[in-house]
Amino acid sequence: MRLLYFAWVKEKVGHAAEEVEVPGDVATVAELIAWLKTRGPEFAHAFERAEVIRAAVDQTHARHDAKIGDAREIAFFPPVTGG
Amino acid sequence: MRLLYFAWVKEKVGHAAEEVEVPGDVATVAELIAWLKTRGPEFAHAFERAEVIRAAVDQTHARHDAKIGDAREIAFFPPVTGG
Amino acid sequence: MIRIQTQDFDVGAEIAALRSGRTDVGAVVSFTGTVRDQAGQEMGDVTEMTLEHYPGMTETELERIEAEANKRWPLQASLIVHRVGTLKPGNNIVLVVTASAHRDAAFDAARFLMDYLKTHAPFWKRESGPSGDKWVEAKESDEAAATRWSRNNAAE
Amino acid sequence: MIRIQTQDFDVGAEIAALRSGRTDVGAVVSFTGTVRDQAGQEMGDVTEMTLEHYPGMTETELERIEAEANKRWPLQASLIVHRVGTLKPGNNIVLVVTASAHRDAAFDAARFLMDYLKTHAPFWKRESGPSGDKWVEAKESDEAAATRWSRNNAAE
């Protein structure tokens, strides 16, 4: 699965993209975040306030309780500020 | 007193402007319209449906019950259709 | 600023002039009204439109409407340009531009200016088509649109 | 039509292109968002702004928002242009243009597009000033603005 990070999530994680093997028991966006936080202090820091972080599953906005299924690409980012 | 006519009011009256001596007992816009209607068939025709005609007293929108006082210029026209 | 003119206007140039040299503007809204060939009149396609107005009162009324918008919203700049004379389908009729730090003020003010201009500024349109000429009738929906801004200090 | 680009856009040329050859348009509304030097951040004047986005999702999201606007209002044409990269105060950021036979549809659709773009399109702004860089925080007022369009078939 491909993970993408944007804006300050990217800065805190330290990179913009990576390929990961997600454990089979990770079923939702929230569970994916919980698993990511165990992958090192930079992830724990980036996802510390998980409630403010938004996610997109295969380039569509997704809530934290959304199933990740067999998604190819999941992105994490702060609330958008364009326009 | 100077009277001005615009759009189809002007076309029906047959001219755009005139100077008139208004009788002393004509106190309101409605009374002025009533007096104008006595001035000839073109006026009777133009002001036939008096309720749809709008007026401006000294270049300010005025209701039919507005006093004309010592106005210098009174205009009559259909509802505006600019923009 | 308000202008009444027979010549065309350049929307882009007007917006650029309004913003020129400013770095405090965050939002610019423009409204351009144009001559439609199908104006919904029963007489068919419009080939020409003539705009008549009341010189003197028109300027006064537009300035009053613009001042009212500036009283209601924190605008950094505003512009109303209205053409008079004879126009063709596709031609520009009216331009309203508002600039503000924030988009809500710019949107609200532009719409307010158009709603009030439509119901208060002394312009009259006459449409010409294959079957003759016809003065455009005022729309009740325009009156209704203007009343949505009504309040004690409304520009009525 | 939607476009994401680093280069500037010309508001007048974009509006002209959208109207080009049409005589059925009666109302064109444009919204231009620009970089303000005082963005209300505590760190003082903004000297530079950098726009990051999510290539792929941005296009999909803008197309979805534009399609939703076209479903809700009878638009004859619409355009969203959003810049990315590094911008200076006074520079253009975003342009929305809507064309319709009637002004209410053009105004509503333009505002809807901006409200949804602000809350749904994956762009992020970072401001630079004398005391450093800072990611712009999302405003609750933008969320509130987007909810005013909510309904069963909303673009949520």
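First chain written, first letter: the chains are A, B, C and D, and each begins at residue 1.
FYI, a contact is a pair of C-beta atoms (placed from the backbone, for glycine too) under 8 Å apart; a residue touches a chain by one contact, two chains touch by 3 or more.
Since the model is a prediction, treat every value here as computed from it, not as a measurement.
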- Taking a step as a move to a touching chain, how many steps at least join subunit A to subunit B? 3
- Item | Intercentroid distance (Cα basis), subunit D paired with subunit B, Å | 48
- Query: If you average the Cα atoms of subunit C and of subunit D to get two centres, how far apart are those centres in Å?
  - Reply: 23
- Query: Among the residues of subunit C, which ones contact at least 2 other chains?
  - Reply: 33, 114
- What graph shape do the protein chains here make by touch: line, ring, star, complete or other? line
- The chain pairs that touch are A-D, B-C, C-D
- Message: Under the stated contact criterion, what part of subunit D meets subunit A in this complex?
- Response: 33, 51-54, 56-57, 60-61, 82, 93-94, 114, 117-126, 135-138, 142
- Using the touch rule from the top, collect the residues of subunit B that touch subunit C in their complex. 4, 6-8, 56, 59-61, 75, 77-83
- Item | Footprint of subunit C on subunit D - complex, ascending | 10-13, 15-16, 19, 22-38, 89-90, 101, 103-104, 106-107, 110-111, 114, 145
